[in-house]
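Look at the two complexes coming up: chain A is in both, with chain B in one and chain C in the other.
Take a look at the complex of A and B:
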């Protein structure tokens, strides 16, 4: 799994799609189908061991590329990684202290609700956070649309927009992780 | 993955949990996050005459992140601001015997210390000189 993640350099290229956030679902399904035909196990039934294993690998990578691209957040992460704005594995340099403070307060409330087993409050927060995540995804869509209108040579503007998307994706991640905590506490 | 005894100790009995008044001139606050695991860490120092007299933290995250920040606050107390600036994540990681996948938790703690110091210095632009002033004879 980890090895294949490393080899998945560009899920768009793997499926023969243009690098763009807006992907038409039908195009994605069609691209996956077309690429799968090439590596389908049936075609390698009589081939040697090495060729069969390679085909299996290729199929796994194709399926993974498909899974990445059909999920808007993973798709956005893939685009940002390709553009050199990969998610930091250590300290977050994109989120403002104000946002982190808000997250801190939210996590504090959630921890208290979990301690006191306030199921109704937890459910309400879970719902609220899901809405926040959707809002963030909408903002990400808008930002990618803005990017489309920017000339590829205008690096300053592109960098600014990529940074903005990076911050939005990070925010979604804090919300998701907190929401997962709530889910575990819900009966 | 097994946590070391020291991590478990800090996790079960975190030292210096809490908050200091972030609006105080004597207090420096650092707040950092790790987007990958969703952890958030707040670390505060109280500085009097160039020496850290109190340190508090609040961390929402895994055991290693809690232990890293708890240990950091223990180490910070009694140090001068300059000494505090010398604390490295590798010191924290080796003291807690953090496994490679958890090293980033100690990095988070080091960055929180740096931010807290930067915040304090920002509030007290002359602090760097005032620490040295006792040595300057008129």
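Take a look at the complex of A and C:
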């Protein structure tokens, strides 16, 4: 386990970006573009097996870092890990009853739409889920902003915010799973 | 951008160009990068398309390309076309496709790999594709006047939606054809390269690629010379062949109703019917109605039927709608709306069908690019990529994605995704698993590709076993599985129990692939006499060509002696003498030299003759008519 943690390294550092939840998409794309021009295996096509394999390796890591940072959820997870906040500390965090009720209702509707193959309704739900997801991401953004204002020594407040972020992430993951379900029915 | 100098790497000596090959379902092409642009190579008759057809003759010889297509009318049962539809597939994957193939298909002994049965021969689709690839090499050798053995490096295009097994099988085909594949490029991405769209900074581009047998759609974003693929989707069982099938079935049903004959039961009639359907389809792209004609005097069938566009469009509409569904999926995956797309590019011969153009234009609300020949654009893009890899095109880079998710079967027949679809490649990802039984010493890894939730609905890429795990309680072992997907989209899987460091690894080939021994055997077969055959053919072609020029010169020898300047006349005379003596010349290079010299030397005569024709044309016909002909 320890070994695999080390391998993951810091995706922000790999792409030369500041370690923060707020990432400007243009900066991220540009950082990845510049690194790709340098490390893509196509640049080493005639450079011999060893150099090419090294490039494949390097590029795979760059792509992984890009994928993590591009996705706000994975980006948030990476930040939690980098800040030393482990998954196991959050088992007691659960979503609000309101959220759970809302989700259960939605899930029932989706299941029915899928059964009846109501494509238009499903498309609308897909859109709706996306909006809900963005709302949650905004909340995460605010939480990370708060975190930055807290002194690094104030462990209690930090832990509280971490837990709050973790709960929001759980909710998003739930939204995402439902959205993927819809997405599959749309194909 | 320049390449980073690396220690210990020899400077590259000038080498033969890297071939850019479009290995298509119906036709294949080969192109190279030349100074400022891609050039599609042609034969001496000026043909660029090489029909992807191979005929296996009774005497064990084989013919490829146009010659094979010509033969297929005479001997359909000895001819293989559309091998690309079978590559990397097992018989059980083919389903309803099976019934439409003109040749029987069966699983190879020992593994579930579809093989083509031609008489007592059993051919793998990779083997057939290898012959087509060899033909593209020969074409290049001829057009570039380089020895075949020097043209051994290539960029080969594959449908973006090809899965790992299909890519592996294509790579095997290249191996059998003696080609070192420097990169497999996805067809739509190659097309975007050919259009030189990298100049369109910041734009989002859709490439809609409908070929003979496959459909791909890719969405990409252009950033200062970089083509970043955002998402891709497709269908490896949808193409122009399916449009033909609508017309084939139409004729078949009507003929059967009238005469009681089942033309589909006979391979020769089926092949003839297919060609009739294709002719009608092509005609319908140019005119609003066309005749579907099928004659067979032996069976007393004379069928002619008028088909109008309306009827044809109705017939293929469900297929067109399927392609638009995929377009919608690509947009959803990239979180974009149709109106946010800046450019639309149409690729593949089937996009000549007017309905396709209308449908795509309507869907995206903008007029698609069609400037480049849709048959050639993929090969041109492959040549651009060859230029990039060879270091002659410096300002372009492709960042592609994997079209299908990759994962591992979990307990209960589910799938755990390890690399999701549309991940940029090369990619690497790890996932941890554990055991379910106390003291379990082995774990079976079943590698899958696809989007479905159950393992049985996904494409099985292979299985391997991680053995030797020391006894531990269930749930305690940590089995880390690492997927590595290279820039060609080829997968390697490694598993390790991290507590005991027991590991196992496979390059995914076993289930649908060929073993190394099989490839070696095919390699040997493909190359037996290939070299000699090729030399002999070129020699024969050159001698025919020489004969033709000699005859033309002979006819005008008197005129030449009277009207050519002395120096030109002397050079021509000498060249003609050399050419006359060349009848026995065995060395192809020398023969080519003689041919070139004769052509050069006869140029002043040709000019003389052309002027004369122009003068006489002006004298004999009125000026008006001459202008008409010209306009």
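By definition in this document, the second predicted complex is superposed on the first by the 122 of 187 C-alpha atoms of A that agree within 3 Å, B and C clash if a C-alpha of one lies under 4 Å from a C-alpha of the other, contacts with A are read in each partner's own complex, and residues count from 1 in each chain.
Note that a residue touches a chain if its C-beta (ideal position, glycine included) is under 8 Å from a C-beta of that chain, and two chains touch if they have at least 3 such contacts.
Being a predicted model, the structure only gives us computed values, none of them experimental.
Looking at the shared chain after the overlay, A:107 reaches chain B, while chain C stays out of its contact range. When the two complexes are overlaid on their common chain A, residue A:170 makes contact with chain B while staying clear of chain C. In the overlay built on the shared chain, the residue A:56 is in contact with chain C alone; chain B does not reach it. Look at A:178: by the touch rule set out above, it reaches chain B but stays clear of chain C. Of the two partner chains placed around the shared chain by superposition, neither chain B nor chain C is touched by A:157. In the superposed model, A:45 makes contact with chain C only, not with chain B. Taking chain A as the reference chain, the count of touched residues is higher for C when chain B and chain C are set side by side. Of the two partner chains placed by superposition, A:81 touches none, neither chain B nor chain C. Residue overlap on chain A between the chain B contacts of one complex and the chain C contacts of the other is empty. Taken in their complex, chain C has these residues touching chain A: 1, 3-4, 6, 9, 12, 182-183, 223-226, 228, 325, 328-329, 332, 335, 385, 388-391, 397-399, 423-430, 432, 451, 453, 478, 480, 484-487, 498.
Note for the complex: chain A touches chain C at residues 1, 3-4, 7, 29-30, 33, 36-38, 40-48, 51, 56-57, 59-61, 63-64, 66-67, 126, 130, 183-184, 186-187.
On chain A, the positions that touch chain B within their shared complex are 87-92, 94-95, 97, 100-101, 103-104, 107-108, 111, 169-170, 173-174, 176-178. Of all the residues in chain B, the ones that touch chain A in their complex are 31-38, 40, 42, 58, 60, 104, 107-108, 111.
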